[in-house]
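Take a look at the following structure, please.
Chains here go by letter, A, B, C and D, matching the order in which they are written, and residues are numbered from 1 within each.
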Amino acid sequence: MLNIGVIGYGYWGPNIVRNFVGTDGAKVAAVCDKNAATFKKLILSNPSILVSSDSKAIIESPTVDAVAIVTPVFTHYELAKRALENGKHIFVEKPFTDSVAHAEELVNLAEQKNLVIMVDHTFLFTGAVKKIKELIKERALGKIYYYDSTRVNLGLFQHDINVIWDLAPHDFAILNYLIADQPVAVTACGRAHINGHEDIAYISVFFSSNLIAHINVNWLSPVKVRTTLIGGEKKMLVWNDIADDEKIKVYDKGIDVTTKEDIYELLVNYRSGDIWIPRLDNLEALKQETAYFVECVKNGAKPINGGQAGLQVVRMLDACDQSLRQNGKTVSL
Amino acid sequence: MLNIGVIGYGYWGPNIVRNFVGTDGAKVAAVCDKNAATFKKLILSNPSILVSSDSKAIIESPTVDAVAIVTPVFTHYELAKRALENGKHIFVEKPFTDSVAHAEELVNLAEQKNLVIMVDHTFLFTGAVKKIKELIKERALGKIYYYDSTRVNLGLFQHDINVIWDLAPHDFAILNYLIADQPVAVTACGRAHINGHEDIAYISVFFSSNLIAHINVNWLSPVKVRTTLIGGEKKMLVWNDIADDEKIKVYDKGIDVTTKEDIYELLVNYRSGDIWIPRLDNLEALKQETAYFVECVKNGAKPINGGQAGLQVVRMLDACDQSLRQNGKTVSL
Amino acid sequence: MLNIGVIGYGYWGPNIVRNFVGTDGAKVAAVCDKNAATFKKLILSNPSILVSSDSKAIIESPTVDAVAIVTPVFTHYELAKRALENGKHIFVEKPFTDSVAHAEELVNLAEQKNLVIMVDHTFLFTGAVKKIKELIKERALGKIYYYDSTRVNLGLFQHDINVIWDLAPHDFAILNYLIADQPVAVTACGRAHINGHEDIAYISVFFSSNLIAHINVNWLSPVKVRTTLIGGEKKMLVWNDIADDEKIKVYDKGIDVTTKEDIYELLVNYRSGDIWIPRLDNLEALKQETAYFVECVKNGAKPINGGQAGLQVVRMLDACDQSLRQNGKTVSL
Amino acid sequence: MLNIGVIGYGYWGPNIVRNFVGTDGAKVAAVCDKNAATFKKLILSNPSILVSSDSKAIIESPTVDAVAIVTPVFTHYELAKRALENGKHIFVEKPFTDSVAHAEELVNLAEQKNLVIMVDHTFLFTGAVKKIKELIKERALGKIYYYDSTRVNLGLFQHDINVIWDLAPHDFAILNYLIADQPVAVTACGRAHINGHEDIAYISVFFSSNLIAHINVNWLSPVKVRTTLIGGEKKMLVWNDIADDEKIKVYDKGIDVTTKEDIYELLVNYRSGDIWIPRLDNLEALKQETAYFVECVKNGAKPINGGQAGLQVVRMLDACDQSLRQNGKTVSL
């Protein structure tokens, strides 16, 4: 049985607790939050969980095997470091840390101590991303041309980070998971209209191939959009994560190019076939992720969303910040 | 009566002819195209129109007052110059020319000769753009924060220009028309997957204020999207040009910021009210534009889509090309 | 403080308990269900609630003031009768009873004993229905021409009732609430394909005026639809209850009829104006209904969804069954 | 070469002429219309077509082989009869005639004279209906449970017929084409709000099996809807004819029923799989229909949309009118 201590019981913490409570082989031993009032309901329904306002009670507890860190990003490094130093496996909210150096240090520390880091890139465990991964793996889309994501809505304004650090980690984590190719550079531009942090930003990610990724994030949109287009040589897909059903549509659509050699002319043919809407597994993503964490700890396995994956996302966020400060200059990764 | 000669009777030419034929005060005197076969139907229904395979027959005709140039962009300058030199007013397909220098020369020439240039920025005459202009003019949206356009679909691959020169002129023309502020710089990045010309590109346009514009153009999208979000301080709107009805939705939605002075803290309030879908004038845009051309010539008026407007769009396209070649570097206008 | 006993803790019961628990002036004193296993979670989070497998413990309890009956329809009459006889106010799931005679008897009994009956017509407390009621009340739609509802989806097959008794109570309750006019007759036809109960049915409701209502209910639809069109002389509206936002669209659209008297000819003009999407109150409907129950009991007020409203819905359901058995014959109410 | 005379050049006539002009093996020899002004454009583009204001010029012309009757329904019988008597094949607008007796007489007359009748049930030639027919034929949907069509929009009010005669012929023709089973009875109810003709109506069609069809027609809807649900034992489909693409979605969704014999209990399982959007042939339906007419005449073949098909639709329309007059009574066919 893996005894888990959860630090942070604000917006997302209750979901983490609920899912670890429901995970075989795991037990939520303790929860801490600065604001003790948040525990009222928790205590009623889970009287056996220890509650505390001090993270020390969890990080230094001999009965805690793993620590889930569900606090604002600027606190992750400090808490994670202490947890690793105390021999705990860690499950950390995204983005992993607030700087590349911090992330690297944690990755190295876990390596030395042979501990598991998992970063909560929940989207990798959704039916949609799993299906897209499967399609790419079996080369159903052919060579990938582009990944184009729009992730906009009204608010929620964050006071310590800009819209890129808030929303783009989802896309970076997904992109790195789906695409075998490594990103080599990013460019980002944006504007701050309200509180000094960019509330709108446009990010391009370049790869060594001619694949291009683009991410449009915006806290000032009147409509919520979560749409990703992935174009491939053979097929293309649209992933609309807002849709109740029919989240993914696969289009047998594209362009075939032939060359009439004698006249050196390119002939472009448009292809348009059936559309296919695969049924997706609709298990709760976070439940699968918490189970996977328990499994990785048990087997000493490296998670797909481990420290390296978390670090790579932070690298991309950091490069975006550099590009933003230089008015959209391309920044190598 | 304004006698009009039309050069080019390919994809768009028949629309130009049809609309000038139906415009009071105008008469289509002659049409020319290299491919004489295209005239068959035209001659049957409009036997009085002279047809020819040589543009000279139009440009040097003493009975032609104005010339409509509906040919590929690389031919515009040469034809337009000859037409102006022969004292003809000109109506030119978008984009105006293939270079800034060419556009400037034509603008100067028309100025000297006191002739009208109109560039076919048809969108300015749609019910949608007219309604948005009206809303911005009466300050219904408040200060504009951003203009974010997605203009993607499968094909039509052009052989001489990239996707920016094909699709972005629409957005640049609309943007310049709607926004009083001047754009000061652009950045563009994209990739070519098929025929050596960029088929996907992402453009940001910067202004002296913190308004930002972004344009997503793509010839490789499995779905057709023509959606523009315009966010303002007071209201926001979504313009979906694909929709049959309900093209424009105005959202009484936004963010109010107040400051509690004593604690120097920003309070962000979300506002969410009714949505309003204004009825739009659904006259044919091109018909209104051709009538406006006749009127401008008659009154010696400067069109809103005159040479300067066309030149500004070409400047932005040219800056995009420079940015593309420098991997997304910001290029001043 | 109103002490409430809840009978039935299956699919809907937990919602009733949760909402009464959160209602000022109410206290859930006891819950009973035949299946004791269902209580596990309830007891943890609400240890003060008495649980039992016998309804007697609630109905005859001297400390219980009101009984919520959240059981299958065929049990309502018996439980409600005993509760009223024991001097309890009752809150009953829809449909009120399984026969007109039963409903009438309960209404009379409550009348004699001066007790409140409330039937759980939850929809009347939604933002959507409240807004439509307001629009009709202020005569914004003008004279109502029709009410046309489609309420279809896959399953949930009921084993004791047909699709009309399952889904149409919503529409009948809404219709009776919105429309001042009394329905005078119904006709219904349908077919059973799976288990001997009609899984598809089409219902028309006639009024003394030329208003007509139609309800399409179906357990065998591949898509979920919850759309109601209401057409009026002045305006028309579409209520799409599936939509996350934008549930109600009000169309300034319609037909104006004028008569040229001398030629006895009808001139029909089509009117098409703006569309308006009002912001709706998005409080939880059931929470408002439970608060309203407490208020009605306290003030001895007749609820809008009282015994008479419940009886009228049962009358319409019963008439539908008669019509079904006579192959769609019109049955007076 | 089949010489065709077209009677009626109002709203639909120009489409008929354009398509017969473009059909191999056919020649539009003459067109007549009471209103001579309508011909202006026709004469310009097709100077060889004879025009006239008198149908006699067509019906009695020795050079005309077939007559297309594109006039209001109350005139069809008289014109069609004269045409057949003069040995002409006929192509008649839907609905075929205004009464069953008239339709029967024409069918018999054509039979005697060995002439082809084709009724313009254009929908049978659309990519959507052809695909649905194919799916039903190959038993992809399994046993059909229901056909449920909604065909509503604002206007166009007809002055001589009600909304059933205007819109339901489409559904009756499609239904009779798709479903092998014969309809045995109909019921219809509706209301007239504007000009004395029903503008809203609800029609049910019964079959000897437990298949049920329902058609919702309405001239007073603020939104245009053209949606048909077809539910089968194995699969279900939604046909949205308004959609630009993706008109037909096939759902691998349904209900499986098993019986546990020993306990005589029905077990209902819900099945939910992929969705498939087949690419449809998007040739112009009317063009295929006119080519088919020429072919049927040449080969002396009985069209799928021949006199019998037209007669059956008229029978159903007539039964609807009887049902309307008897307040929704079921009328046998």
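By our rule, contacts are C-beta pairs under 8 Å (C-beta built on N, C-alpha and C of every residue); 3 or more make two chains touch, one makes a residue touch a chain.
Quick caveat, the model's predicted, so the values are computed rather than measured.
**Student:** Which chain's centre, taken as the mean of its Cα atoms, is farthest from the centre of chain C?
**Tutor:** It is B.
**Student:** Tell me which has more C-beta contacts between its two chains, A-B or A-D.
**Tutor:** A-B
**Student:** Once you find the CA centre of chain B and the CA centre of chain D, what distance in Å lies between them?
**Tutor:** About 43 Å, centre to centre.
**Student:** Quick one: chain A and chain B, Cα centre-to-centre, how many Å?
**Tutor:** 39
**Student:** CA centre of chain A versus CA centre of chain D: separation in Å?
**Tutor:** Roughly 53 Å separates the two chain centres.
**Student:** Hunt down the residues of chain A that sit against at least two other chains at once, touch-wise.
**Tutor:** Residues 249, 272 of chain A each touch two or more of the other chains.
**Student:** Could you list, by residue number, the parts of chain D that touch chain B in their complex?
**Tutor:** 41, 44-47
**Student:** Using the touch definition from the top, list the residues of chain D that touch chain A in their complex.
**Tutor:** Per the stated touch rule, the residues are 246, 249, 252, 272-279.
**Student:** Considering only the defined contacts, which chain A positions touch chain B in the complex?
**Tutor:** Residue positions touching the partner: 145-146, 148, 150, 152, 154-155, 157, 159, 187, 189-195, 200, 202, 204, 206, 210-212, 214, 216, 218, 220-223, 229, 231, 236-238, 249, 251, 253-255, 257, 266, 268, 270, 272, 327-330.
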